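Common to both upcoming complexes is chain A, partnered first by chain B, then by chain C.
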Partner chain A sequence: MPVYALEIIVVALGILMLMLDAFAKLEDKRSIAWLGMLGLIVVFGLLFRVEMPDAEAAKASFWNFYSPTGGLSLYFKGIAVLTTIIVLIMAADHSPVIVSNTANPEPGAHPQAGLGEFFALPLFACAGLMWMASANNLVSIFVSLELVTITFYVLVAYMRRNVGSLEAGVKYLILGALSTGFLVYGFAWLFGITGSMDLGEIKTALADSSVNPTAALFAFALILVAMAFKVGAAPFHMWVPDVYQGAPTPITAFLSVGSKAAGFVVFIRLSGMFLSSEFLVGKVSMILGVIAVLTLLIGNLVAIPQKNFKRLLAYSSIAHAGFLIMALACSPKVSKAGESLSPTNVIAFYLGAYLLMTLLAFLVMTTVRRRVSGEDFDAYKGLAKRSPFLAFALLISMASLAGIPLTAGFFGKLFVFTLAVQDSQWVLLTVGLIGAAAGFYYYLKIVASMYLEKAEGSETVANYAISIPARIAMIILIVAIIAAGVMPNLIFGLL
Partner chain B sequence: METAITLNHYLYVSGVLFAIGLAGVLVRRNLIVIFMCLELMLSAASLTLVAFSRYHAAEGGPDYDGHVFLFFIITVAAAEVAVGLAIIVALFRSRETTDVTEIDSMKF
Partner chain C sequence: MTILEIIVLLPILAAVVIALGSPARITALLASGLAAAATFVTALRFNLNAEGGFQETSSHPLLSIEGFPDLSLSFGIDGISLVLMILTVLVLVAAIWAAPAENSIKGSARIYYASCLLIGGGALGAFCSTDLFFLYAFHELALIPTFLMIGLFGTGENRVRTAWTITIYLGIGSIILLIGLIMAVVHLGGNTFNIADLVATANSSDNAIAPEMQNWIYLILIVGFGILVSLFPFHSWAPPAYAQAPTPVSMLHAGVLKKFGLYGIIRIAQPLAPQGAETMLNLVLVLLLGNILYIGLVTIAQKNLNRMLGYSSVMHMGYVFLGVVSGTAIGMNGAVLLMFAHGISIALLFALTGSLKSRYGTLEISELGGIAKSLPGLGLLFGFAAFAAAGLPGFANFAAEILIFFGAFQKFDGNIGWLQWTTILALWGVVISAVYMLRAYRNVFKGPENLALPTVAKMGWQEKAPILLLLVSLMAVGFVPELLVKYLRPAVDAMNLFVGK
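Moving on to the complex of A and B:
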């Protein structure tokens, strides 16, 4: 089976779910989510069975905008599918909140009217994310990126009776469209300079000294602005906290993992073209270094005084983007020296670890949200007494986000710092260490409040109903975090 | 006096268009106007593409890659407008405003 069949299956599944929502008389619309989840599990299994056509044949065919080669693109497709599966679990758990915020006042309407699309849209975003992992042409990068972004506009603003969700939607819309403008203008210049839309040909053309360096750097700057928006890097991170806080929680999880991973795939590809050009590499890696420093400082330091858990995770996602860009900025010399630890591999590992721990945190958050309204820290006080399992899951997730040894997050940070040492980027390394230290404080603050503080006036023993799929997903994620933290080669083996 | 219109003229015009759009996004306060300015930025990019395409003569004719990209941009922009206006209308229903300075319920 060819690789691109996977995207076709995902889109077809999404359309099937929409049709079921519209025409089947379903008592409980959550069954649509279960269908999507099962379908995606099948797609995830198929990922290991696809055949890779050779590069020459792929170039000549109709699918030449789509690069099937490389285990890395399969790895990122896996990330997209896995994220979507867990997002669907969370969405099903979160459905009472969605329904109450999209309530249809018409008499006789289905009590869950409008819920079906909430489960179907993530499938289309997933197809876009998977396609993005394989895009090797400016046009196909643009179209897949927009498929994801436009779907996210709808999903972020989905709770249309909730002012926060709508505001988040509008902010995401305006800033997302702004970054699209920058991206397209940058692509236009890149096309103008090199005369090609194919990433491989652009790479060769940029390495040629006949290219005008000013124009090339101008194109790079435009593309960098757009990519910094997409991955939430400073100074273009302003949308992240507001959008994360306002969006429905499952969508926040999707944004922070799926869209970040896909953004980085494109970011690696696009900046790789500039970094492989000898007379651009100095300036480009310097600019990336500056962005990394800013992102690390802003993400980590502004996270310290946060009171809302979702907002904290937003700043944490900015901080992690900082570590990832730090790895990207270390690229040039290291990859030439032929080290085994290439920046691309490190970024892939880090994103895999980030997926596990962030999704775990969001799963806990969705479950707690069913009992307590709001996501302030107060809701987590004394959680260990009320639900030891949830508290333990959150403990593992926070420990991994902070980078404590024996968790996946530790190796992610370790590899990034190793890259910085190999490349002698001492400024970056110092800032990274400061960021990691700040991370210890704000992640473990939540753990301390869960285990040491008492909840104010609420129930002492509570039955936090954890749905079965959510419980299975949490256990798998906990095991995966610890397994990858003990044997990091497990993830490298997938690359 | 005769002067031919060169690639640079197109690039200047599209650069100015892009700058006008960007300035509009940053300065204006009405959401609808901001959205129009965003479309202006996309048009600027499209003009750049077509200009480059025209001057990249490949095998006698213009390089059609840029033209094809342009059609994708138009399509995507249309989808974006459809979704965007729907979100803005929904916001207007609940807040009765399209002024961005009044959309501030979430703060640091």
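Moving on to the complex of A and C:
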């Protein structure tokens, strides 16, 4: 089966779900979500069965805008599919909140009217993310990116009776459109300099000394603005906290994992073209270094005083983007130590670990949200008493995000730091150290409120009903975080 | 599965089982008892005729990718790690024994016992890992349990604040340490995390780290490990944490976990950056004098028994440092022996103050007085422990300290150098520790009885047993240091000790 069949299946599945929503008389629309989930699990299995055409044949075929760059693109497709599966689980759990914020005043309407699209739209975003992982042509990158972004515009503003969600939607739309403008302009410059839309050809053209470095750097700067926006890197991170806080929780999870991972694939591809050119590498990695320092400092330090868990995770997502860009800024070269780590692999590993721990946190958040309204730290006080399992799941997630050894998150940081040492990036290392130390504090803050503080008011004793899929997903994620924290080969083997 | 893997896995698995619902105290006692038994079997099986090197080795490769050191979960022991493992299992058994019964713990007894086991299991894993990565990772296993234990079960109003202080302080220390370790590994070729291979590379003249870089790496490692050992001036986290932590955590942390930093310096920092160690010798000497003299004087001024013990444990780290940097085999033997002796004696003291605290509800020295009359057994035991900590002959502490002082003076060549001056000054620490220990003993146990104190129950055997276990091991090693030194000698002789000045 060719690789692109997977995207086709996902899109078809999405359309099927929309049709079911419109024409089938379903009592409980959550069954649409279960259908999507099962379908995606099948797609995830198929990822291991696709055949890779050899590079030459692929170049000649109609699908030449869609490159099968080995395991890496499959790996990122896997991240997209896995994220979507868990997002659907969360969306099903979250449906009472969605329904109450989209309620239709018309008499006789289905009590869950409008819920179906909420389950179907993530499928289209997923197809876009999967395509992005394989896109090797400027146009193809742009189109897949837009497929994802436009879906997200709808999803972020989905709770139409909720001011926060609408505000988030508008902010995301305006800033997203602006960043898209930068991206297209950058692509136009790139095409103007090199005369090609194909990433491979552009790479060769940029490596040529005849290229005008100023024009190339200008194109890079424009692209950087757009990419920094997509992955939430400073100083283009302003939208992240507000949008994360306002969007429905499953969509926040989707944005923070799926969208970020795909953003980084494109970021790696695009910056890779500049980094492989001898004439540009110095300046480009310096610019990336500056962005990394800013992102690390802002993400980690502003996270410290946060009181809302969702906002905290927004800043944490910025902080992790900082570590990832730090890896990108370390240009691979042969040092005294011999071969150095490949930044691409480091980023891929980090994103895999980040997926596990962040989705776990969001799963717990969605479950808690069913009992307690709001996502302030107060809602998590005494959670260890109310639900030891949820508290433990969140403890593991936070330990991994903080980078405590024997969790997957630690290896992510270890690889990034090793890369920085191999490249002698002392400034980046120092800033990374400050960031990691700050991380200890703000991630443990949530642990402290779960374990060390007492719940206020009536929420003292409650049995948290954890839906079965959510429970299974949580157990799998906990095991995966610890297993990958002892045996990183589990993730590295997939690359 | 080798015996070492079983020893490390037992407490960790027991913690998991307890979390899943098995009876906490029995499971914990059983697991730690089995781990202790297995450790003693290992000691009996230990080949004393081998010339250094690791024994009982096992290795499971976990990661081998381009540009990153090969990673494997590997265990092995030499004499130094064996002695520290014996220390760990003794303290672990005593700490769990001394922990309150399940129904008298306010809050979750499962978290209580599982945390103790994780702290102990982490220390065991760190001491017998022959892979740098896991040496580091196992030590970090204790971070969150310590945080929860102090925050949940600690004493005093501001226990949450104390829990934060120790966690952030140690967290920062570990990150600094991590960067130092990565630098060392990368500059030694970056092919492996295997400690023996790294040391071999560092000793070969071609591939050793460049001297300039060695200074930096050693400095970063000293700061990182120093924070974990509470080297002056990075000590301020220790006394309040020990004073407020629940008794088993104080015992495990002060007795065992803190030794990890010293173990790291012996095992990693000095062998990997020997020239750095030589350049930075004088700096370390000044800092360790800070531990012995400055902290010693601070200890005298303490008004709370547990805080005093906390400071005294910080102070004694200075002696161990002196032995470690003395650059002589005698000094190094003494240093490891003192790690053992101090670990046992401080755990012993904390167990005793835990008993006091549970009876009187206070450890302010001024509020206690003359209690040996109502608690003669406890008074006698405390007297022994206090004499041991002050370095009276007959206890392991004396044997260790005398070795350190001899070792540090061994290189005397007619000129009194930095090392010798430090030794002369450090000797005054013995006087200081006698002052604070005897004063505390007199004020708490002897003298006029404070009539305001409630009448309390005498110590039962159940309560005395863990204390006697520690006391007997301390005296056994004190009378026959050879019991442990025979393990240490080959390991220390195989080390390439740097030349102290």
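Following the convention adopted for this analysis, the second predicted complex is superposed on the first by the 487 of 495 C-alpha atoms of A that agree within 3 Å, B and C clash if a C-alpha of one lies under 4 Å from a C-alpha of the other, contacts with A are read in each partner's own complex, and residues count from 1 in each chain.
Note that a contact is a pair of C-beta atoms (placed from the backbone, for glycine too) under 8 Å apart; a residue touches a chain by one contact, two chains touch by 3 or more.
It should be emphasised that the depicted structure is a prediction, and the values quoted were computed from it without experimental measurement.
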Side-by-side fit of chain B and chain C on chain A, or clash: fit
First, second, both or neither for A:447, with chain B first and chain C second: second
Touching partner for A:330 - first (chain B), second (chain C), both, neither: neither
Partner chain in contact with A:167 - chain B first, chain C second, else both or neither: first
Which superposed partner A:474 touches (first chain B, second chain C, both, neither): neither
Chain B, chain C and vertex chain A (Cα centres) - angle in steps of 10°: 140
Contacts of A:418 with chain B and chain C, given as first, second, both or neither: second
Distance of closest approach, chain C and chain B, by C-alpha atoms in Å: 25
Set of chain A residues, in rising order, touched by both chain B and chain C: none
Complex contact set, residues of chain A against chain C: 336-342, 345, 384, 388, 392, 395, 399, 404-406, 410, 414-415, 417-418, 421-422, 429, 433, 436-437, 440-441, 444, 447-448, 451-452, 486-489, 492
Parts of chain B lying in touch with chain A, wherever the complex brings them together: 18, 21-22, 25, 31, 34-35, 38, 41-42, 44-46, 48-49, 51-53, 56, 58, 63, 65-66, 68-69, 72-73, 76, 79-80, 83-84, 87-88, 90-91, 94-95, 100, 103, 105-106, 108
Contact footprint of chain B on chain A as seen in their complex: 138-139, 142-143, 146, 150, 153-154, 157, 160-161, 163-164, 166-171, 173-174, 177-178, 180-182, 184-185, 187-189, 191-192, 195-197, 241-242, 245-246, 302
Residues of chain C touching chain A in the complex: 19, 62-63, 65-68, 71, 73, 108, 111, 133, 136-138, 140-141, 143-144, 147-148, 151-152, 160, 163-164, 167-168, 171-172, 175-176, 178-179, 182-183, 186-187, 189-191
